[in-house]
Structures are given as C-alpha cells and as structure tokens.
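I am attaching a structure below and will ask some questions about it afterwards.
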Amino acid sequence: MIEFYNVNLDINRVGILRNISFRIVKGEFTFLIGPSGAGKSSIIRMIYMDVFPISGMVVVDRYSSAKIRRREISMLRRKIGVIFQDFKLLTDRSVFDNVAFSLHVVGERNKEIKRRVLKVLAEVNLSHKRNQYPDELSGGEKQRVAIARAIVNNPIIVLADEPTGNLDYASSVEIMNILERINKQGTAVLMATHDAALLKKYSHRQISIDQGVLNKK
Amino acid sequence: MKIWFSFIEGIRNIKRAKLASTITITSVAFAHLLIGVFLLFSVNINQIIGDVRSKIELEVFLEADLSVKSGRSVEKKIIGLEGVKDVKYISKEDAAKRFQEEFGRNIYEVLTFNPLPSSCTVKVKKGYRNYSFIKKLSTEIGRIDGVDEVKYQKQILSLIDRYITIVYAIAAAAGIILIIIAIVLLYNTIRLTIYGRKDLIDIMKLVGATKTMIKRPFIVEGFVEGLFGALIASVILYGSILLIKRYIYPYVVNAVEIYIILLISGATIGIIASGMSLVRHLKEI
Amino acid sequence: MKIWFSFIEGIRNIKRAKLASTITITSVAFAHLLIGVFLLFSVNINQIIGDVRSKIELEVFLEADLSVKSGRSVEKKIIGLEGVKDVKYISKEDAAKRFQEEFGRNIYEVLTFNPLPSSCTVKVKKGYRNYSFIKKLSTEIGRIDGVDEVKYQKQILSLIDRYITIVYAIAAAAGIILIIIAIVLLYNTIRLTIYGRKDLIDIMKLVGATKTMIKRPFIVEGFVEGLFGALIASVILYGSILLIKRYIYPYVVNAVEIYIILLISGATIGIIASGMSLVRHLKEI
Amino acid sequence: MIEFYNVNLDINRVGILRNISFRIVKGEFTFLIGPSGAGKSSIIRMIYMDVFPISGMVVVDRYSSAKIRRREISMLRRKIGVIFQDFKLLTDRSVFDNVAFSLHVVGERNKEIKRRVLKVLAEVNLSHKRNQYPDELSGGEKQRVAIARAIVNNPIIVLADEPTGNLDYASSVEIMNILERINKQGTAVLMATHDAALLKKYSHRQISIDQGVLNKK
C-alpha cells in the first residue's frame, strides 16, 4: 500500500531525509514518531506526492513517484485523507462546505453529500459549528474540521500529521477512537505524533525517525 | 465534480471575495468606459468630417452666352465623369430667380440685362471627396467646351486632407495603446485577485481537485464580472450620450455596435484574464 | 521604530512582494502612458490649430486710384484698431512686382496700364484669431475711406470655430475621464496588493506596531513604485516622440512640462493610493 | 498585573465567556487549562486587548479594557510577549527578521538587536535556521520561532497559547525551562495547555475553564 525504497529527499538543496525504506500494508495502523524537525511531515508530504525524492522511490496504491502524472496525483489524493499539521482549511467557506468540498471533488450527489457531511461532523462533535467559518473556531475545533474532511471520503489511507496537537486528552481519545474505527474497516492509518500518553495507551507499530534517518529498533 | 457545481461556485466566489470582485468589476467598467469613450469619439469625429465632406460641391460656371441646350449637354458630359454623384443645371433664369430669393429684388429691375451666367452644381460620390481627386475633377471639367470657370472650397478640403492622415494615425495609435492598457490593467487586477486566493487554490489541489475543477469556477467568475463591468460602462456611456444629445450637442452619434463590442470585450477579457492568471498559478503541479 | 528602518523596510517590501510591485509599477506606467499620450495629443492638436490660425490674414484691397499717401493713412488707421498685430502696405508698384515674381512677366508688357489695386495685408494678434472677431474687424476695415474690399479665409475660420468648442469640450471630458480612470485603476491595484498583505499587517499590529509604523514603509513603497512607473512611461513616451519626429511627422511638439507632470503625478498617486488603502485596512484597531 | 472582573465576552453575538474573574500577580506562573473550545485562547486575546468584554473589565499592567486608547494598545503589546496558537509569523521575512521585528518596533539599536536575536534563537535551538523562511520550517520549528519572538523583548508578561502543541516531550521540557527562567527574572507567565505530562511535572497554579465558565476548585 505504502512503500519507501531508499528514499532521499532534498528541499531547496537542503538534505531532509536520508535513505528511508519502510512499508505499510493495507489496513495497518502505524505511528510516526521523532523529535521536532526530524522529517515526519516530510514523509507524509511524499506519500500524497506533494514533494518527490531526489533518489529512491515512493510507491502508494498503484502509483510510483517515479512516473506518476499530474492527473494521477489528483486521483491518488482523492483516495487519501490528509489531516495537515496546519489544518489547511478554506477560510472563505463554512465548516460544512470545507468538509463537503472533498465530496464535490469526486462528484458525489448533493443529497448524499449532505448526509455524509452531517454524519462525520457529528462524529467529531462539531455539528453545532457547521455554519461557522474557520476564523471563528478555536484551535482544537479547526483540527477536528480537518479530521472530518480527511475521513468523510472513506479514503483507503489516512495520513494524520499530529491530529491531536491542539486537543485535550479526552478529545484526543475520541479522535483515536474514530481513527481506530475506520482502521478496522480496512483503511491504513499513518499518524505522526508527539503525544507520549497516546503512544503509551495504543500499542500500534511505531516508525521512528531522527534527523532524517530511520531509527532501527 | 459536477459542472453545475462549478457554475454555482463561480457565482458564490463573487460574493466570497467581495473586495476583489468589486475591484475587478470597477476596473472592467472603467477600462471599458475608456474604450467606449474612444470609440464614440472616433465615430463622431468621423461623422463630423463626413458631414463637412458631404457639403463639398463644385460650382461650374458656364460661358456667359451659352445656350440652354449646350448647357444641358455640358451637364451630361459632367455626369459621365468618374466619381460624380449628381449634377444640377442652373440656367440664367434659375440664377436670376435665386438672386431674387436671396436679395429680394428682381435683377431686371436693377439692370436691363441678366449678367448672371448659367452654371452647374456638381456633387461628388462618397469615396471621392478628397482634395486630390476634386482638383483633378475640376481641371477635367474646366476643359469641357462651354465651361468658363470651376470653383470649389479648396481651402477646407486641403486643410482636412493635410491633417486627416495625421489625426487618423494618432487616433489609431491612441486606440491601440488604450486597448493594450485596458487589457494589461485588467489582467493585472484579475491576477492580483487570484493571487490573493493562492492559498485556497493550493489547498484545493491538496485535497485532490484537478486543474479543470479549480479553473472552471474562476472562468465563470471572470465571465460574469467582465460582462457585468462592461454592462455598467455601457449604461453610463449610453446615459451620457443621451444627456449630451439633449443639452450640449444634438447631432452626436450613438452606435449600438459599440455597446455590443463593449459587452463582448468585457466577457472575453474576463475569461482570458482569469484563464491566463490561473495558468501561472497552476503551473506547479 | 527608527525612521530609517521604515525606509529600508519600504524598499525591501518592493523586493518581498515581487508580483505585487511589478504589477503596481506596470499599472502606474500604463496609466501614465495613457495620460501622457493624451497630454501630448492635446498639445499637438492645439499647436496645429494655432498654426492654422496664425496663417489667417485679411487682405484689404484699396480703391483703384488711391494715392500712396492716402494708402499709408489707411494703413495707420488699421494699425490703430483693436486686435491688429501688424499691417503691410502693398502699393500698386509692389503688386506689379509681385505679379512679375509670380507669373514671370512684367505687367506693363501685357497691359499698357497697371490694373492691380494697392492693398494691405493685416495680421491679427494671437487671442483674436477667431471667426466672430475677424468678421467684425473686416466690416470695420471695410468702412474706412479708401477701402474697396476686404477678403479673408472665411470658410476655414468658420469651420474651425464651429467645431473647436465641441472638440475642446470632448477633449476636456475625455481627459478628466482618463485621469479618473487612471487613479481608480491604480488605487484598486495598490489596494489589492495591500489587501494581499493584510495578514502581515494584522500580525504587525499584534506585536505592538503602531499605525504610523505600519504605514510608513507602505508609503515609501508607494512613492518609489509610483515614481518608477511614471519614469518608465516618460521614457517610453519620449522615445516614441523622437521616433515620430524622425520618421512620421517632423513637426510633432514635445513638451518637457508633460514629463514633469507625469513624474509628480506618479509619485503623488503612489503615496495617496497607498495611504488611502491603508486607512481602510487599519480602520479596526 | 492581570485582573478580570466579572468578564462577559460575546463574539458575533455568540456567548464565549461568562462571568470570569481572576487575578494574576507580578511574577506568577499560571497554567490555563480546559477542553477544546472552552475559551482559553479567548481569555488570552482579551489580555493583549484584541477583543473586549461586553461587560465587566480586564485590567492589564496599568491599562483597563474600559478606557484604553488605540496608541496605548500598541504600547501595552510591546510589554507583552504572545506565543500565538497559530504562530502568526510574517511569512515574507526570515526567522531572524521575524524575531528582530519586535525589537525594531521598540526602536532598539541595530547592534543590540543582532546580539539579542542571536542569543534567543540559540536558546530555542534554531540558530542554524535563522535565514530560513517560515514556510521552510517544520511545525515545531515555527512554534519555537514564535516563542523566541515572544521573549526576545524582555516582556513583563508572557502569554503562551499551547506553546508545546507541536513539540515532542524533550523539546517541551526545554521550552518549559526557558519560560521558568524568565519567570524567575520577574516575568508573569500565563500558559494555556493540554499537555497532561507537563501539568503533572510542574506544580504551578492552574486556572481551569469549561464552556466559558471558570471551574471552582
């Protein structure tokens, strides 16, 4: 499902990742851990093909970083739900429309869009904020909108970049429950996190990186 | 993505980015006001010059003692010449009548004989009303037997013809500069408004929207704003022309074609400017 | 905050927001190109009309048998009239000489006597070269003893005077519309570029920058970009005029004042547009 | 130093805070805790006078929310270091210039600015990233720039809105050490946080809110 083969990544001629290889299979739940600046977000960006390796290869679903074409990148991204570390919400539309956008992109019918968006907003406890705009939300609420948008589409992979960084412990556990549930339904989840408490509570596989290299355990 | 969603999005975007769309519409309106004023100006100047030219005629005085029959034959010969639209023969008697009309006295009361010569008034066809042709025509007519003298408004004609090419050249240059300026300014405006939404475009790409999906609403938006801006310009121009006609210069010419040109131009520029700006922003991935 | 820091920031901002500053400079340049073309156009049209008018003169034919002494006295009387610039007396002898020059034959060889009347050529002062005044002047001169007939280029004069007011009115209207359009478009452009930096302005406020601190660099930026844009327009115009002078129309007039007006206008509009846009964005807190 | 008297806050006619009263004295270190959307960030925004109560009064230093004037707001903010939850970095200038900006605002000399910025960047372990732009930083690095900017000015109050949300445990402890040190030098610190581990380790006073009202303990 996700495979890294000897991946090296430079951005602006600065070395970010060195010789990374790992594999995540269908339906797996994996933590991505490491100190600030280690390269966790960069790994996630390579999976949704926002940046490309200077050598080595990233394979996701049936697409390879070596030969994926522009249109295919869009197709791939529709199958991946990404919770961005900085949320990346569309500031000019409401919570509802932010979440609905992913469904409009795949051409879903209006009625179905409404049903699914309301359902997922309820799951992240944001039904009452559905008509507010991102600037009118607290940090944690924005994060939950980002989560809702990432999972509304029934993706085959969810990439979660510190999805609980702005959430209290109770909310974090709720989010973890949602991620575990969609994981049970067959979705692979890769979650970058610093949250020691969560790491202790959930015993999923951990990929650990530091200064751009994989920690062998 | 459903196409109708793109349309709805395009319309909604106009409301979402109120400042940007207001500015775009204002810019389109002003730029088209400029182009419209220029076009109306040209049409009117052209009309005025055409009016002056249409009044140009040659007066052909015939020899003093020429018979009516010979006069008529001169008339026929003139009609046969290239570029002549029509000829009016004025006999000695007609001239005397005119004298009476103009001066209120019968010429036979003043003099014992009629000293007024018979003459022809020659009008020239539309494309021929220029100095060099009329000069040629006048010598040609002068050579006809029985013609005494040919007179025409030499000075006005030579004046118009001396400066007309310069005026037209300057006007054409000004027109082209004007249109280029309008396009560049509009393109810049739309580019800036789209640049202001660069973050949103980037986010759309990240959640799997293709280029077409991102582009389409902007194109719709450009079309609507362009058309609307041009419409505002047209209404202002039309109103102004009506006012000018009423209070300042009743002969001002209004041409429907100009408004059609403006509307088409507004919509087209809106679409093209949006499209071009997007190409720049969508270049990367 | 140190003032020099504001200046450095202003200059740096131009580099930081390359797209925005390029667009602003282009817009200023184009808008001023427009204004410049209009000004040069007006100056030249004015020059052409002035040229035509300066050639207007009245020919005063004196009675056939008037003595040179009486002729000279008529000349003096005409000089005394309002609006007359100078009068040239042409005696019968002078006229004969002219005839010789123009037709290459001595008039006394053709005829036994000199039938040419003596005459005066009257030039009119600058402010008086219009149809209604010259008409009045001509009747006035006609009433002087010894004057036989007064002739002047009635048609050209009445043509110019009939249309000149319309042309001037349209030109003034076009000029005003042009300048308003230039200002609105520029204001919009600068407003959009500043709006694009709204987030940055908000952050500056949050870390304790006062309004003045935030404003000053933008004003510097507006000044520099405005001046630079106007400079580009001036260079393009100046170059075009030189080319036109050389290859198309050598009598084209170039006025240094226009370039000074453009540069001042560029800098001023830059400052004002920045200032006004900021007021809007800084309104809240 | 910071006093809230029966403060009620509405934003866009939505009630956010109800009848909040508390007091933080000079040199105190206080945690602000509560679930996502409780109103923590709103309390912090009221302290730097970004929003104003509809009734009640906020007094900070010698300024009261009831009669502070525009110019005074700027003056107040220069004495307060704020670590914003969403960082609020100037994206068009480098890390160095972001931190230096606060010092330019108070008209500091160039040489002094350079010395102090470099010192504080070293404290947050970002000396090597000083010429990069915010978009070129990881989430945790951005957060550390925000922290550096907040403290470079020797403020009398530091307001930290989840300053460790994007940081691993080790980095979080380092940041806590910095905040504790400047607190020892007499600066009052108010820190909103979810981080259970930090709350356990540090035994400072806690102000707890939930759904816009203060929890009495």
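The chains carry the letters A, B, C and D, assigned in the order they are written, with residues numbered from 1 in each.
Everything that follows uses one rule, which is that a residue touches a chain if its C-beta (ideal position, glycine included) is under 8 Å from a C-beta of that chain, and two chains touch if they have at least 3 such contacts.
Source: prediction; values computed, not measured.
Listing every chain that touches subunit A and subunit C alike gives B, D. Distance between Cα centroids is largest for the pairing of subunit D with B. With centres defined as mean CA coordinates, subunit D is found 29 Å away from subunit A.
Centre to centre, using the average C-alpha position, subunit C and subunit D are separated by 62 Å. Distance between subunit B and subunit C, defined via averaged C-alpha coordinates, is recorded as 24 Å.
Taken as a graph of touching chains, this assembly forms a single closed ring in which every chain touches exactly two others. Every pair of chains meeting the touch criterion is listed here: A-B, A-D, B-C, C-D.
If you check the complex, the residues on subunit D that touch subunit A are 11-12, 34-37, 40-41, 85-86, 136, 138-141, 143-144, 161-162, 165-172, 194, 196-197. The part of subunit A that touches subunit B in the complex is made up of residues 48, 50, 70-71, 73-78, 80, 82, 84, 88-93, 101-102, 104-107, 149. Within the complex formed with subunit A, the residues of subunit B that make contact are 1-2, 5, 16-17, 197, 199-200, 203-211, 213, 285. On the subunit C side of its complex with subunit B, the touching residues are 19-20, 23, 26-27, 30-31, 33-34, 37-38, 41, 44, 48, 52, 153, 155-156, 159, 163, 166, 169-170, 173-174, 177-178, 180-181, 184-185, 188-189, 191-193, 195-196, 248-249.
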